[in-house]
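Please find one structure pasted underneath; my questions will follow.
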Amino acid sequence: MEKSQFQNPWFPYLLLLPQMGIIAVFFLWPAAEAIKSSFYLEDPFFGNATFVGLDNYRDALSASDYKRTAWFTAIFTVLVSVLSLALGLMLAVSADRVLRGQSTYKTLLMWVYAIAPPVAGLIGVMLFDQHIGPLVDFVAIFGWEMRVGVNYWDTGLAMIIVSTWKQVPYCFIFFLSGLQSIPTSVKEAAKVDCRSETRRFWSITFPLLAPTTFFLMILNITYAMFETFGTIDLIVKDQPGNSPVTLVYKVYRDGFRGNDLGGSSAQSVILMIIVLLLTIVQFRLIEKRVHYN
Amino acid sequence: MATTELDQTGTTTAARAKPAPSRKSFGGVRIYDHVVLWLGVFLMMGPLVVAFTTSSFDHVLIHRQGMQFGWGGQFAETYSTVLNQQGGFTGEVTGWLMTKNSFILGIGFAVGKIVISMLAAYAIVYFRFPFATAAFWIIFLTLLLPLEVRILPSYEVVQQLGLVNTYTGLIVPLIASATGTFFFRQFFKSIPNELLEAARIDGANAWRFLIDILVPLSKTMMAAIFIIMFVVGWNQYLWPTLMTTDETYFTLVRGIKQVMQSMIGADIPKYNEALAMAMLAMVPPVAIILIFQRMFIKGLVEQEK
Amino acid sequence: MTTLRIKNVKKVYPNGAEAVKGVSVDVEDGELVVFVGPSGCGKSTLLRMVAGLESVTEGEIELAGRVVNDLEPADRNIAMVFQNYALYPHMSVRKNLAYGLRNRKTPQNEIDARVNEAADLLQIAEFLDRKPSQLSGGQRQRVAMGRAIVRHPAIFLFDEPLSNLDAKLRNQMRLEIKKLQRRLETAAIYVTHDQVEAMTLADRIVVLNGGQIEQVGTPAEIYANPATTFVASFIGAPPMNMLEANVTGDALEIEGQSLPFPRSHRGPVRMGLRPERMQINGSDAGLNAEITVLEDLGATRLIHARLGNQEVVLSQDADLPVPSDGKISIAFRPDDVHLFDRDSGRRIDA
């Protein structure tokens, strides 16, 4: 049956006006600007631009700096996404099984969610500091001289650890709620059919969590690519010399520090295309899920 | 009906659970779980605890001996310095001022987002008009454009509008993303249509239905979104960093960058004050999700649907 | 006087589906008319068009002497009770009842008077300050009715109001709805798919199928003279037996057996026989059949039997004996036989 709705010649437009106004001014306009200036070579802030076609894209994609950043972003994104997913799931499974103290565990484990990425970055900087960082002292026991901020991969590792640390609670919350929404009857039926708890997990529970896992995977990728900006900015101490950064950071740096408007815009557009692809994947998955139910 | 179901599951689990725990608790499974959870808690909370305890020590001592695990006794001095000391180039900005700005950003962001996304979702779900599908897709489009990827042109737009160093410029560009609208759209769609029909028979027009029925029904949802959005707004970093060059508009999270910059090149960086600042920047969002834990989780997982 | 006139009303959805294919019915003052039919027959759509919740594609709906096609539901002077009650969950019972009156700018003392009157009538006075979530299913049902009553409407519209209740409560509420409607002397349309509800409640029944009216009549008429095979098998429980038979003028031939049958119609027919109008005959003068299954329902017993290649069901008093060898002879009065055309399914009265 059709959903009954109101009909009014102007009221819905009025309701949409604030949302649409803000979108037009702060989304569509800047996005259009970004796309436009990605085709121009522009004298920053003076505006005498020359159309250069795809040159900015060619320059961006062929620069060794860009390739290196893209590689690091890929490694960073995959590791952060997979690690926080795995740790979140492991903790959620245990938290779902314990009867005593569940809510205390839950409270303590979700705390970190509310911490801002740069704050996490600052704490990370301290923990990995050459002079005062206990983690540097800890790995020194194993003969590893960790030099965050100096050594490329040491810095990258610190970024991955801090970013993962910040994202685990999020995965934990979703997995725990996913586990708790599996009907008791299904769990009981599985108990009757299968004795091994491990097998039961991989053959029943994990497949039932698949939608949550996909959902989190997408969100983790988005998180790792975009929201870790603050963490990275703090860890590279605002002065990314030889330190690894992500693509988003590079867009920011080239645009604001390097004043390379066209190159930065071209990179923005490339990122938009990546987000577009991610969204399409997400939609495909949602459609599939609708199909399941 | 709900009560009978509850009773049924209650009795079955009780009946089933009886023999099980005696085997399990000695069989090691529960011990494994507790070990995993304790490790998790250690890894999650450890850094925060160390950061907190260290912030109570003198910075010279930290510089010499590294981060501290005990209680340093400098707590009151350090935190009062951070809150009251007038820092920055102009000497006008204090911790209190940044806290105030953070609250303005967090609350303004959350309230603004709730209001505009609720109105937009209401239009899309409850009205039949030619533009409805187009509007939905335009809102959806914003998902493709996280602020971070269009940061430069966004900054230029705001600059052209003369909104740099204003609360409007700080908050408004952040609030129009699709998430809130989708959230409310989903919630409105779950409300039985008969409620709208009953209200129409009772003579409620579109505005009355929104105010008398939908808003009260959405209270829990609004509270949940408020909590999530407050945290998101409070934690904003990139945009405030660009938008506020005037220090009197700095938020605590923005201030973290300032702290970091002041540490670079210092002979003995003020580690204690930097960590105290970090603690202050995390207290309100952590407090709000812990106090409203249930509502926060409900709101968060609702996004998946 | 006629409260409601539905004149040749059609409903076609934008996707081309025809939900109601031209229906005309009148509801007289104080009359309770039941729309009954299987799901998808258009009964709810028809009711919702009367309420103004669906637009009318074609035809006219005239309520209390004026055409209401283009009026908002609130302006039609109707009241509706929904299947899931649709109570406002955040409002107390009192506010639920008063909401419509408040929107119509009814003076407060009038609102209070009407709410109290309805609450007394429905015995929900003690729940007035509770929220719907604190009420049982039956109590919610009463509140939903109360919300309809306070409006003093020209007509009540009930959309399967009892289907969310358990069987026992359903019987009780059915009776109460009927009493209440009699007492208020207000016309009502009641939509249901349950033929028992239709039979017990209705002054007149409208049987709908595929968006069209199959038959309109009092419960007794519809039971005694179903106009089509659809009505015949829809009304009555257990449903009427339908057997392929042949009428030859003075005899009825079925599965090679022949019984004297004085009707003027001749030719192949579909023959309807209600289970409760058949008996097991002591002699073998009736139709010979063989028992397949017995179902004891306490007071009555259902006897399933095979008659050649066809199945029949008899309903008889549980105390009456059943032959132990399973061979029975079925007897019935010729007047209880309904004849239908095999192709059109229409009743043959000749």
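Points to keep in mind about this one:
In this document, chain identifiers A, B and C correspond to the written order of the chains, with residue numbering beginning at 1 in each.
Rule of thumb we're sticking to: a contact is a pair of C-beta atoms (placed from the backbone, for glycine too) under 8 Å apart; a residue touches a chain by one contact, two chains touch by 3 or more.
These figures come from a predicted structure and were not determined experimentally.
With centres taken as mean C-alpha coordinates, the chain found closest to the middle of all protein C-alpha atoms is B. Contact analysis places A-B first among chain pairs (by count of C-beta pairs in contact). Centroids built from CA atoms put chain B at 16 Å from chain A.
The distance from the centre of chain A to the centre of chain C, each centre being the mean of the chain's C-alpha atoms, comes to 59 Å.
Note on chain placement: the centre of chain B and the centre of chain C lie 55 Å apart, centres being C-alpha means.
Counting only residues that touch two or more partner chains, chain C has 53.
Residue numbers of chain A whose C-beta contacts span two or more other chains: 4.
Looking at chain B, residues 197, 200 sit in touch with two or more other chains.
Residues of chain B touching chain C in their complex: 1, 192, 194-195, 197-204, 208, 212-213, 216-217, 219.
Across the complex, chain B is touched by residues 3-8, 11-13, 15-16, 18-20, 22-23, 25-31, 33-34, 37, 87, 90-91, 94-95, 97-99, 101, 105-119, 121-127, 131-134, 137, 165, 168-169, 173-174, 177-178, 184-185, 188, 191, 197, 211-212, 215, 222, 226-227, 229-230, 233-234, 237-239, 248, 251-252, 255-256, 261, 264-265, 268, 271-272, 275-276, 279 of chain A. Contacts from chain C toward chain B in the complex involve residues 51-53, 72-75, 78-80, 82-84, 86-91, 99-100, 103-104, 137, 147. Residues 9, 12-13, 16, 21, 29-30, 32-34, 36-37, 40-41, 43-45, 47-48, 50-51, 54, 62-63, 65-67, 115-117, 119-120, 122-124, 126-129, 131-132, 135, 138-139, 141-146, 148-154, 156-158, 161, 172-173, 175-176, 181, 193, 196-197, 200, 205-207, 209, 231, 234-235, 237-238, 242, 253, 256-257, 259-261, 264, 271, 274-275, 278, 281-282, 285-286, 288-290, 293, 297, 300-301, 304 of chain B are the ones that touch chain A when the two sit in their complex.
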